[in-house]
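What follows is chain A paired twice: with chain B in the first complex and chain C in the second.
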Partner chain A sequence: MKNSKFWFSFFVGPILFAFIVVVIIPMFMGIYYSFTDWNGIGNTANWIGLKNYIDVFKDKDFLSAFIFTAKFAVVSVITINLMGFGLALLVTRGLKISNFLRSAFFMPNLIGGLILGFVWQFIFTKAFDSLGRLSGLGFLEGWLADPTTGFWGLVILMSWQMAGYMMVIYIASLESIPESLIEAAEIDGANAWERLIHITIPLVAPAFTVGLFLTLSNSFKLYDQNLSLTGGGPYNSTQMLAMNIYNTAFKFDDFGLAQGKAVIFLITVAAISLTQIYYSKKREVEM
Partner chain B sequence: MKSKKRNKTFVLIISILLGILFLSPFYIILSNSFKTQKGIFLNVMSLPFGDFFTSNNYIEAFRELDFIHSFLNSLFITVSSTIIIVIFASMAAWMLVRTKTRFSSFLFFVFAAAMLIPFQSVMLPLVNIMGKLGLLNPVGLVFMYLGFGSSLSIILYHGFIKNIPKELEEAAVIDGCNKFQVFWYIIFPLLKPITVTVSILNTMWIWNDFLLPQLVINKPEWHTIPLKMFYFFGQHSKQWHLALAGLVIAMIPIIIFYFIAQKHIIKGVTQGSIK
Partner chain C sequence: MFKSKKILALVMTVIMSMMLFAGCGSQEKKEVSEGNDKVEVNVFQFKVEIAKELEEAVLAYEKEHPNVKINIQTVGGGDDYGAALKAKFQSGSEPDIFNVGGPQDVKDWANKLEDLSDQPWVDLALPGILSGATMDEKVFALPFNIEGYGFVYNKGIFEAAGIDVSKILDYKSLEEAVKTLDAKIKSGELKEKYPLLEAVFEYPAKETWVTGLHTSNTALGQEFSSSIEAFNAEKVEFKYGEGLKKIVDLQANYSSNGDERQKLNAVDYTRQAEEGLAIERVAIIQQGNWVYGKIKGVDEKVANNLDILPMPIEGAKEDCIPVGVPMHWGVNKDSKAEVKAAAKDFLNWLYTSDAGKDYIVNKFYFIPPLKGYENLEPKDPLGKAVKRYAEAGKTTPWVFMGYPTGWGMEVLGNDIQKYLAGEVTWEEVVTNTKAQWEKMR
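So, the complex of A and B:
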């Protein structure tokens, strides 16, 4: 018995140690610090009760970041998954160029969010301006200069980046549908639209669960793209939650308040993800 | 039959247009990266020809990004993190599958549940702890990637190992192998398909990660590519010709990686999502 305990710690110990040091301990310390006036240096943290949490709700920037993030998450979850699913339907049609298209659609995913944000900053500010002047379409000019276009800029960037990833997930699911089912429906006289709604979509529901989970949690945690595309500007109007927490700590040196925000962030992300998984799972059907 | 054929042509045209639309940002960045500052100012959409053509952007950006150095930093951090994640996550997952105690299922549950913790909620105390341990450097960074990579990697290995029959191991034990030998000589080679997946997912994440290196690495000589790119861009935000060349240079390694490992990457993403 002693022997088996030795081997258990030998195999599980190293990664468990790293996990505890970088995830578990910081999480509990973070919860503790959120009730203090911690200044980031460590030893001078006085207990101040709920003050940080009360301040969080008085912080207008935080509230607007929260609303902006929530809106962004809703819109981008819809666009990313619709696009991903649409692309998956398109490239599973047996076209000769399917393989090339899969690579093309997936490509933006490989490159880090920070770099993609810079890429699109150029597209929106320079290429859109230039196109707008050439074509006379005024709405193309001055992108990222106000909150609305900043919002849509982020949505476009994220949809472009993540649609290919979702496509890969949906392709795997679409390819696992037995062809006989589709053929049977065809013989029964169902048209393409009916086959999609009544056969395909219910059968790929488990993939939707995963797709929604990934896009929802990614949208809520978005930081790199936000930083490099708009930097939160103009006037913090496109600042998202992750960036607001970062700035509270490192720009305004208010670590206690930042940690209070971080705890609220943790609870929000966990609650939304769990609720979504619960409801999506309930809707899945057995094949 | 005829309408089916027409249908297919229609789908083909839509697909090609979408493909072009998806790739156009890359084209715009690439073509403008070969233009002079004036060339970009005058017309973003034109091809880089004549007086507007230059390749000096690349020479200057390459030098200022200190590209070889930052490339090697990224490579060192990504490769060593991925290797230790693969070793320790596979070991732990195997033990957790083969040990049928309440404690081992509890541990697995905790690893899985940690997927829900956003990085921002632990980053401030984490930097504090790491600072006290003197680990705000590449070695500390690798250790942190082990901790943050543990959840997904253990889940993936766990799912795969569950389907490996136990008989093989029992035979090896009778032949006199200890657990260490059983794992390395019998089990680990069998895990190859899932090891490829775990390596690819971790490589893509760590190579592109920005926030953790930004918090941890304070010496310029340790900067990774995304970190270097961030500061480079800040200095040249008004000089798009240099910034664009820098962006292209920064994208090249991962795109080469994609063309080499494309099949595995797509498979890895698929497997990684089916947990």
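So, the complex of A and C:
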């Protein structure tokens, strides 16, 4: 026992130190700056108290970015996890091409968000336009020039990228379900749908906890895909929280206000994620 | 026993953590010792168009000055550069030479800029050209070059349509010409010679620097006499707001998305210049002499057949284009003395030595901001066009460097997008942007 304490500090110490230096200390510095009027260039940061926090709530752009992000998070949590779970079910059925499918579905995750954004931008603006013109389907034209289609563009991009990753998590969970349980249910006369609802889904609930958490927090923090796909346009209607904070800091030179937004952002994301974990955990069943 | 283990653990923790940082420490030392025999100047600049040629100029300079090493880093695009520069300063790796826009930038960066008033090029500057870089009668930065923008058009298409360009001198005649051309494109008259031609204009509303800065400057450049005046202005009046609206509408209505203007909000610079003008899909774009290289990269014949039409604002001075300085070179005040000396010397060499001048005019395609270039004429047609306007006095100033930080692109640019999408009326654009200007000052 005593020995393990030694090894604990031996291995964890350096990491803990690094964590404190690069995460904890900057975080507190950031909180400090959120009470100042720092413009990001000079060394003069004057203490202005809570003014930034009051301004945040008066900032219409921040509010609309918040609503947009929340909407996006809700929709993409649903689509990503449904797709991920669906794909996982598909590739665990013992098909001959299962292995190939697994890597194919996971592949988008290996591409960086920025590149993906540009790839999909090409698809939405060029491929969709040509398809729309050829087929006469008007709704395919002018994607990304419109807030609604811009929103769905982001959802499609994000689902395409993250579904494969979620699939891997669900595969691991699905494969840990004992065959005997499924067989027993089969003998009892349960059809495929009943087996899925009453046996499979309750048993993979822990994976859903992880999957929901990852997609929820990732959707809230999304920046690079947002930047490269729409850049927040048209007229900031597809601007998400992270981008709003970045723009406040770097385009309007208002680092204090941006820090204030960032602190609020941090608290919100933490609160939402923790609540979600608490409730998802409650639903998990012991085998 | 327990206690000693605990202490040992603590010591190990400290040692391990120190080892983490030992690596960084030794590296830093090495850099310093190297710096003693060779002066290293770090340049952080924004003009992607000249990145390669600037490297060549640096090599030439280093040959003449073997004890100086110059590192160039380029981050392109107006706003990205500003953010990257701030990030660079915050991270502690401050560049020795960097770029500043106009009065707003000079003020923002005031405590980082070296006073360059004693430099030899100051006396060579063209009249008025230093105004944007001067504060309290001190010159803080060297202008890059002179640029002008307007309606860059394809001469061939205008000839084929039988339009006499020399008669386009004001908004009325421009609108007339655009309508004629539009009718001929729609009737298919030009199809044979220009099969891809589908519209008169391409207007990239996605690029808020085109709409929010350049387009708006055609009107505000007549309301304010200089970027300094704009910078000092407590409010903006939009004296020529109606004229500005007409210029925006003209470009939007006669673009390839004329009947669905909201789609212009997805049109970008590449779509406008390379996939528009360069392949002869459109006849006119609102851009400046800097697009020459871009167009040339696609089709040299098209590039050499370009010229610039005026950007007329009805009710103001009409037969003119906005001409100004896009960026300035500044030297970091906090760099070491020998580095600063080398940095100043390099800039001086680049703009006043014969070898440097050759780069400026013939490799960068710059229109020089200084006197002493009499033997070197711009070679590309757009540079020539800008020079022609400048010499005839048919210019208005660039004042958008004096807009409040973020106002042009983030406020006005976005509002123009909303206007094109039909979300707001032009009156609302004017009221909102006026209010924002006052708030941001």
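Here, the second predicted complex is superposed on the first by the 270 of 287 C-alpha atoms of A that agree within 3 Å, B and C clash if a C-alpha of one lies under 4 Å from a C-alpha of the other, contacts with A are read in each partner's own complex, and residues count from 1 in each chain.
The working rule: a contact is a pair of C-beta atoms (placed from the backbone, for glycine too) under 8 Å apart; a residue touches a chain by one contact, two chains touch by 3 or more.
Please read these numbers as outputs of a predicted model, since none were measured by experiment.
Once chain A of one complex is fitted onto chain A of the other, the partner contacts of A:Y278 are absent, as it touches neither chain B nor chain C.
Chain A is touched at more residues by one of its partners, and among chain B and chain C that partner is B.
Judged by the touch definition given at the top, the superposed model places A:A104 against chain B, while chain C stays out of reach.
By the touch criterion defined above, A:G142 lies against chain C but remains apart from chain B after alignment on the C-alpha atoms of chain A. When the two complexes are overlaid on their common chain A, residue A:P26 makes contact with chain B while staying clear of chain C. Look at A:V210: by the touch rule set out above, it reaches chain B but stays clear of chain C. Of the two partner chains placed by the overlay, neither chain B nor chain C lies in contact with A:F57. Of the two partner chains placed by the overlay, only chain B lies in contact with A:Y223; chain C stays clear of it. On chain A, the patch touched by chain B and the patch touched by chain C overlap at residues 8, 10, 14, 18, 40, 42, 246.
Listed in rising order, the residues of chain B touching chain A in the complex are 8, 11-12, 14-16, 18-19, 22-23, 25-26, 28-29, 32, 40, 43-45, 88-89, 91-92, 94-96, 99, 104, 107, 110-111, 114, 116-126, 128-129, 131-132, 143-144, 146-148, 150-151, 154, 179-180, 183, 204, 207-211, 226, 229-230, 233, 240, 243-244, 247, 250-251, 254-255, 257-258, 262, 265-266, 269-270, 273-275.
Taken in their complex, chain A has these residues touching chain B: 4, 7-8, 10-12, 14-16, 18-27, 29-30, 33, 40, 42, 87, 90-91, 93, 95, 97, 100-115, 118-120, 122-123, 126-127, 129-131, 134, 160, 164-165, 168-169, 171-172, 207, 210-211, 214, 217, 220-221, 223-224, 228, 241-242, 245-246, 249, 255, 258-259, 262-263, 265-266, 269-270, 273-274.
On chain C, the positions that touch chain A within their shared complex are 2, 5-6, 8-10, 12-14, 16-17, 19-20, 79, 82-83, 86-87, 89-90, 108-109, 111-112, 205-206, 257, 260, 262-266, 405-406, 409-410, 414-415, 417-418, 421, 423. Interface of chain A with chain C (complex): residues 2, 5-6, 8-10, 13-14, 17-18, 39-43, 125, 141-146, 231, 233-236, 246-247, 250-253.
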